[in-house]
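Read from first to last, the chains carry the letters A, B, C and D; within each, the first residue is number 1.
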């Protein structure tokens, strides 16, 4: 580890929470250089929905490499890209009656967000954008302006600008609906909320603390956008690619956003990012937004292989079934540790255990890691333990993880109690 | 091709210049689905310095995949990352007496630039930055602000801000040195050029039209920065990784920048981007700048394999030798097509043929592609034919490319002459 | 009038609502070049609180001019300025136990606001500021960013930035208190509402439609600012100088803002603007914010004369008494024109009659002007008839104005009814 | 003086350079409360071109006040405004064949600049603006962005943005013309200098250190603007109103800017500011840029009286004649104090004496004030003694001022020599 401490920037983060040198991995199990196994409830922060080293994906990759398939082609046409577009169109878009153009962008989620925002601003010729409390859309300057967390802001960077922040669904504990608020603001020419080019929203806020927007709220938001000629951008980077059971997390609301960002698992863990847009929104001039790594063929090959899982409903069903297991296990934990866990929330295979006891989640995460479970925290004050395990995780891996989590929680509680700290009621 | 036209966004660019569906590639030779071969003078825009499917790299990758090496680990420690850091440190940094911390960032060059600018602004607590005419640093909002090309700007995006633009070396045809200009501005508290956090510069501007900064100018710029407590950021994304013969393009000037951005070939064509910073510049808090794809293990494995080429001087020597061949070939073309080619410029293995005849370079590029040579144009008005072939290109490939280029140029000239258009003197 | 149409910019506004050439005026009565008299319920938009050509003020001015008193001294010391500071200190600040430094700024309210915002941002070293829905703080770029009305915005100007907009007191029809909302946002490090340097607020929004903040809300806001180390800026430009009965409109809430902006009537209608700041907020370097007309001696002389009115409570009492008359007259009108007038609101001598019938207020204003009453509309859609008559208006002038207003309203109603338009319930 | 120290903000500036309490003034002579006389070479920073208490102006004012002329009418029509427009049109614009619309704006120069920039940006639908080194255009946020002096900038205010800074005429000591530079930048789509809405320029930079643009340069700049569809904004706030001998300082170049800002002396020292625009540039919507003090009748009355001086050429001739006296006197001083005074420059009645000896000008200014002469310094490092005396200054006053200045300089030199400091060659 000293090599990392000596030569890597101080900015390194996860290496501090999960201090081991990892080597190999399959399914939802990671092995470090000392041979210690870890159950993976982290899932590459949503980039490993299809698990580690899925055999079909690995085989496709090896085949591609062995036949000297072209590696990086920028935005030129390749067989690998052709096959990905074809699979994405026929397996994902067509069956959902979704008519969208695909843009391959620089392979980070942030670049997808930058692209979506630029496209919306260019199309509508308005600079303002609406974003939400606790939103997380990335770290480049344009994406940072719509990201809530003050920790990432710095006046010298120059953010935020031309963005109005609105409360997310259920942000406030009262009966006011934040879409109604927004409608009121936008209808009032003197509210200081200028007509925006777009609203950018996650249907479930992952980094923000596993906040699940209701179907009704998403539908109202979509209707408001239509009514007021505003583009709706759904950021599906963390919760798309099957995380909620459907391929897109907004399918449950039966809405069709104007722009969709996808990344993370779309390339099965290899860097790839795409932006989908309704054809009438595709106002780009050729070459107007570019980037070197838009044609990462390995990600196309792997992504195409993964899309095969979506040919029928089996995958969705298995995600939902496992999601229920996670929910039940977490509710059991909540019951077992009253006051320590105040809320369980989530959908499909994204779940959060909230604790109002300061530092408790970080302690559980630490104890769990020592016992062989990788699980991170989320929320502005790390108040949520976040489950984001691979969608292909096995029953055995799940159960093993739950047990470790239970032990870790017991250990954390004991430690807190020894220090004289009491649990809190919600 | 209709699939791409139907389903891809209108933003697609290179697919229009190079309209074929590419399949496999080795060294500097690409093959399309019809079996047609193309000599590659494009080099993945600098991301394929080590050529297509280098056998050692491919073998390392296949080995890694076959043993289920971990794919994406964000910024956790892995064997793949350990080996890369170790190789980079021992093969690249240590022999050059370079004491730098490494930051792995979101795997686009733009993200490296955003990171460098944020770090500099945070460290110096100043928002202003100096960038240069014809600079190209990427398309996310922070990087776009330091990129010159107006085609990429839009007032609704919100750029540029907090950036002063200075003429690059030799931008103006007169005796004024632009570092002297900058010194004058910064010494004058009322010039409107506020003391910047950083100067960001490419030692050779690739996208800007193959503009080579002189050693004297780079040294003066570096001295000015030291003198005035400004950080010097060298953007090595396109011209680093051996493009000029040295690993870093600024080695010829014997300077040590405060921050260095590397991407493109650092992962041998797979998305990867790193930022190097002097230890005292490493003022990041843990986790302050993050991203999902900072731990692209395949790129680490491939990148480590490629670094082996730098163990001794052979690779540098071969780059220089081939670079001389390119230069000689290009000067011959200039002599053969007087008036059509007005300038030949470059260094190492980055070269440009400038034509002042409107559209001529695009026509040559088109004719060349038809004849089996991939070569793009650069500069604000596509006035430069740009050589950026893989550094490992073979003698045979080079010669084949030169011949095609000669033919393409002859064809273009003939076409122009038939249309009654005359060549121009420089 | 053709001279104005021919030679003045199209931007002219009030000349269109009140199309006459005015010549002389006394108290609250204006006379045009044809000798027609107008009762003034407009009050120079709050700049003529002391009425037109108050004899004591005029005499003081004439004396000053006749003895060749210095006219403009920038921020040098003059007798005129000395006397103003002395009077302001002894008559206004000291009796209210207010310990503030005075800054004389460029003589527009907007300049006062720019100064206040710059000072707050400089002191707190934070760029963010909180402003409110329907706020009006002026038109220069910094002031515009905190002004709500979209009509004044333009993306090419570059507003708004670094400002979070919050609902004003009672902006939403529900039980949520907007100070509680703000507290929630600021306590949540991931809300997207970064800790601001300042909150800027009017205690009554004049241009915004005569919205009166409650004492409780103002107190909560003041407490929140103290609690979170945020500066409270009260913009008293329109509602200070006695408009509400007290000299400062926030006196009713018994709070002491960190920064106060005053303009309009402070120079009795001559351009003058001052910023008051708590001594610890006075972090300016000498000469850091300047301007040519900071030393308008005529305004000092007139302003000093006007301050004499505040030596005892008589003036306050008379303002309150007249204010009650206005309120009663307006409530009578509301009762007489049910459905046409939906709300009467105000305080002291600032009152609004709201109509939800589109265009009704503008029609009444027009009819009133024809009948000899000058009264403008306010609110984002001109939905409020605004009373802002001079504080020194006589009983007779008031009664005459009420009668004309009644007639004008009757005429407008008749016209609407003839056009088949019905009144609306609130 | 203690009252000022105790109650005024620390921002006060001139009161520190000229520490006396001024009372009355006539022509170019000011008297303080102790009866001490001061010759005025300061001229209210350009706001007192017509001198202190000009008898004709004072009489016009007293008459207007005595007949209860309306004081502040915002942008309504008044007799006072009618007469001003009529006089300005017939005396100033018509004889010069200038077809311009007049906009009355908030009565500060900064507001005129904000207005000009907003209008240009709105008309051209571009946000970028070109401004010059050492430019001074005011302190509100929009004006500050085009003002050079770093002392006034602060990253937390948010300046500068959307402004490219160019060297003023003769800024650099070499043969490159800065208009040629600008042409080059703007013709190069990749220079980073996006096509601007406007260029804003002073024909002589007063605050910047008395830098006189050549006629040739102004003409080239005007031609460039025409050629490239850019609006030319001449900021005449300090050097218009006759300062150079002509009413507009740009008349010597025989150009017609698209937008002109006037303030300072246009109201003879009372706050007033106007913007002139070519009729096709007048794209304002009614009421789009407003302000309370746009109708300062006293300034109109005084301004109209002053315009009478321009009915024939006498005034221009007298300005030029006095200007020559100033120049000769200053050149004599330069000859008398070689090394201490390195340059004399100016035009008409604006002149500067430059010293390269650090602090020398401030010392002379101090010595002069003690001896009864008010003369300030200019330039980023106060390196210039600035003459800006009233245009109506008498021969006697001028001569008295020159004598005091000579004595002050002698005293300063002696003091420097006693401290062992030597003069510098230019």
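Everything below uses one rule, namely that contacts are C-beta pairs under 8 Å (C-beta built on N, C-alpha and C of every residue); 3 or more make two chains touch, one makes a residue touch a chain.
This structure is a prediction, so every number in the text was calculated from the model and none was measured.
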- Two candidates, B-D and B-C; the one with more touching C-beta pairs is B-D
- In terms of CA centroids, furthest away from chain A sits chain D
- Item | Chain centre separation in whole Å, for chain B relative to chain A (CA means) | 31
- Query: Which whole number of Å gives the spacing of the CA centres of chain B and chain D?
  - Reply: 48
- For chain B and chain C, let me know how many angstrom lie between their CA-based centres, rounded off. 57
- Hey, what residues on chain A touch two or more of the other chains? 125-127, 151, 155-156, 161-162
- Query: Which residues, counting only chain A, touch chain D once they are in their complex?
  - Reply: 155-156
- Message: Can you tell me which positions in chain C touch chain A when the two form their complex?
- Response: 125-127, 131-135, 147-151, 153, 155, 160-165, 167, 171-172, 174-176, 181, 184-185, 188-195, 208-209, 379-381
- Message: Please output the residues of chain A touching chain B within their complex, sorted ascending.
- Response: 1, 3-4, 7-16, 18-26, 30, 33, 44-48, 52-53, 58, 61-62, 65-79, 81-82, 85-86, 89, 101-104, 106-111, 114, 117-118, 121-122, 124-127, 138-143, 145, 151-152, 154-158, 161-162, 197, 263-264, 268-271, 275, 277, 282-293, 296, 298
